[in-house]
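Here's the structure, in structure tokens; my notes come after.
Note that the chains are named A, B, C and D in the order they appear, and that numbering of residues resets to 1 at the start of each chain.
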């Protein structure tokens, strides 16, 4: 394989990774922007979504499209339950309390998953992940193309939703001033609920898209949360499009570093870059903005 | 009254090896082992509380400093053949220097970003411990770390070989950390730390340099963590990368937040409860984490100041 | 005058309310008649802001009744209180700083789905020319006084029968204070009942029909604006002599 | 030489020039008020002088010493005390500790002596406690010395912040809207405190919208508009200044 084809392949690989991080990071940024909540259990949404997909596709033998819709539906319900049980209680509290409570949730979910599902990684290969598109020495799995196309559609839709719909506008309003929202009659609890359901759903969609490419294991969520957070912080706290852009940057860096520098250190490299970005621009790559 | 109670408690704690021998002769070794762990974790948790409870910076990097200390001591003792005290001091200094170096850029981050940045640091440290095989031997662990020998080269030496010996050494270390903790968190220094924690801009108007005090607490805490790491590896004779994972952060958070943030008594009670109890109950690590997580969730959601405030409320 | 009392639009009686373990209101009674401007004054911590927040459903009323247009509205959620016709402009800055002035006004009409919203917004721009010149600017770039006017305009989009305003003059320069009070009087003349809380008591009482002095969460004095301004006790304790 | 000198100070924010070349000199022992419409740059000027914002141009001299863009704690230790528009206390420290913390930084710097609590430090502490009690009495908070500052009412916190600023016996006191949201009766007390300080020879600069306060107690009034100084003079002349009436008082 030529060095150029190899580089292109790594770039595409990075874009897929970036798309995954971006879908998780966008949900995190939404929660942070709208509800002022740092959700350290967000990677576990992805993990549970992946297992829901595995259950539907591998265990129940459902066709890919149906299994791929089932997982987000399950996670939307999970997001709603999470909002009612944990989030509602910690929303008015300090961010220390929020961070520790969601970190605790993450620990509980991860270890319950280990107890129930075991530590053995699950593989969920699909027809698309096995079929390879080859263009002049350059090879890519169809599943990766699906991830990229789906991610673009999702981010476009999310942007329209936040910009155009009544609920989307209420979400933007909440990210700017909660009290003013109550004063004009926005049902703050309902909008928070929608945000949580949406974020959990996004994480699950990401899981159904990339699970055919990677293994599924119980503690995959922690590192994912961290990287998504790195993207949220680097993208300018709670600014959704910034988080998405930073996610792609991290994905590409990681793919290139993993391939050309050291595979073992690729996770560390993403963090070193995040810290470097923050030292250079403490307000994030795209400036700290008010609102989502 | 209070003095008498503290004196009695101290007597019990110091004479614990004999009490254990008299009360549970068949479990003696195991109980003493748990007590050594408890004392070391209490010291580590107190150092963590200096940062989290007193200057109010939610650092998640403590395992990294513990790890730097532990590996430094392990390497100095095995490869360089340093005596115990030398390795202990070297480990504490190494952790402190690392903290001072990373602290300057990290404290440019505020609140959430600081938490994420420190968590990233902990992750990087753990990745390095696993992968820098030439130095850390990675998952193969550094083994055959000698037992501590107190004394200076040439002078009389006291080798710590028995479990009671390890216990008293750990207890002495804990006592030193308690004194340091009290010295730092009360009177004028404590007030300056608390001022920075409560209202940073106003602290500036009061003539306090917030960054200086944050860095001070962070560096001292890391130095102590490094020292505890050295004691830890000299006790266990082995150091593995698993000792410095995020699970340690969770342990410390549980001890500090369930015990009582910013309270000497709370942190000590938390350390006893959450180090000794799970050991005694012989919980599997996964179940322990599930129970910890649930407890943490419940206590943090219901009572933000931890056991300390629960105790106070119960006493009323 | 029994007939007038019966006509009270907003009526609080024996209201007890507070936060966690602190009781702020310890039995407050108040009757606001349709068309009035009523002003609440009192020392810091007397419970003035809490009273407005309790009416608006942001603070739990633990005892007593709150009636609006004859119906009990105690502990109803803010959205329902709004829909029934009570608008609220809290203390301090309360708008959407990153949205344009126009979008802020659209947010004011969040609960409306009728076709006349656009016309109402345009009418507000005619009425407040200082907002019209800034209609595309983010609200956060307006001066404090302009933002206060914007916040009152936001509240007007739901055509409230009662407008509650908390310290509208806070932090404003003298010229803006005049403008804000003039605006409140004008809003009142058009038929909106106004209930306000003010520390700038002399100015506020001068434009008010009636005033209520709160002290430690209880009624202390009540009377017309003139009566309170002339009362030596009130002057000494609450108006700074 | 004036106690505080500001030369050509400029501060830009995105799209606005908040302070646009202001010159200001405050003599030792003066009581000066700074007034102007909302957004005219008064608080920004305070923030630049006390190191909370970095000025884009210009110089700030205190006692002839250049303190332009020095960190807040350095400015504070040189003897400049300030209060904030929003009440600002340390909520989890007691009222007494709130005052103590304002004095201690002026007295001792070495870490080791603090850790060991030298005899000198203990004596200083005892004196500080005594001084703090006197100041609490002055603002009528003697009964609240051990109460957590977070439990005090709004007005009490405002008075506590005022007392805290006096703790190190500052040469220059910058007060940012001390009367805002304060009950008129309390405002009268505050006026008395300020006049008493002035009587003791302290230098005070006041930002305030309450004209009763400004006109009653200031010796000199400086008026800002759009970040520029448009007038300066005695309260009486300022009252009649056409530009000030136009920009500030209205009607």
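To be clear about the criterion, a residue touches a chain if its C-beta (ideal position, glycine included) is under 8 Å from a C-beta of that chain, and two chains touch if they have at least 3 such contacts.
Source: prediction; values computed, not measured.
*Asks:* Farthest from chain C in C-alpha centre terms, which chain would that be?
*Replies:* Here the answer is chain B, farthest from chain C.
*Asks:* Roughly how far is chain C from chain D, centre to centre by C-alpha average, rounded to an integer in Å?
*Replies:* 32
*Asks:* Which integer distance in Å separates the CA centroid of chain A from that of chain C?
*Replies:* Those two chain centres are 43 Å apart.
*Asks:* Please work out the Cα centroid separation of chain A and chain D, and write it as a whole number of Å.
*Replies:* 48
*Asks:* What are the residues of chain C that contact at least two other chains?
*Replies:* Residues of chain C touching two or more partner chains: there are none.
*Asks:* I need the residues of chain D touching at least two other chains; which ones are they?
*Replies:* As it turns out, chain D has no residue touching two or more other chains.
*Asks:* Mark out which residues of chain B touch at least two other chains, giving numbers and ranges.
*Replies:* none
*Asks:* Among all the chains shown, which pairs meet the touch rule set out at the top?
*Replies:* Those chain pairs which touch are A-B, A-C, B-D, C-D.
*Asks:* Per the contact definition, I'd like the list of chain A residues that touch chain B in the complex.
*Replies:* Where chain A meets chain B, its residues are 38, 86, 89-90, 93-97, 99-101, 103-108, 110-112, 114-115, 222-223, 226, 229-230, 233, 237, 262, 264-265, 267-268, 271-272, 274-275, 278-279, 282.
*Asks:* Residues of chain A touching chain C in their complex?
*Replies:* 166, 169-170, 172-173, 176-177, 179-180, 182-187, 289-291
*Asks:* Give every residue of chain C touching chain D within the complex, in rising order.
*Replies:* Spelled out, the residues of chain C in touch with chain D are 42-45, 91, 141, 143-145, 167, 170-179, 199, 201-202, 236-241.
*Asks:* Under the touch definition given earlier, write down the residues of chain B that touch chain A in their complex.
*Replies:* Within the complex, chain B contacts chain A at residues 58, 105-106, 108-113, 115-117, 119-121, 123-124, 127-128, 130-131, 246, 250, 253, 257, 286-287, 289-290, 292-294, 296-297, 300-301, 304.
*Asks:* Per the contact definition, I'd like the list of chain B residues that touch chain D in the complex.
*Replies:* 183-184, 187-189, 191-192, 194-195, 197-199, 201-210, 216
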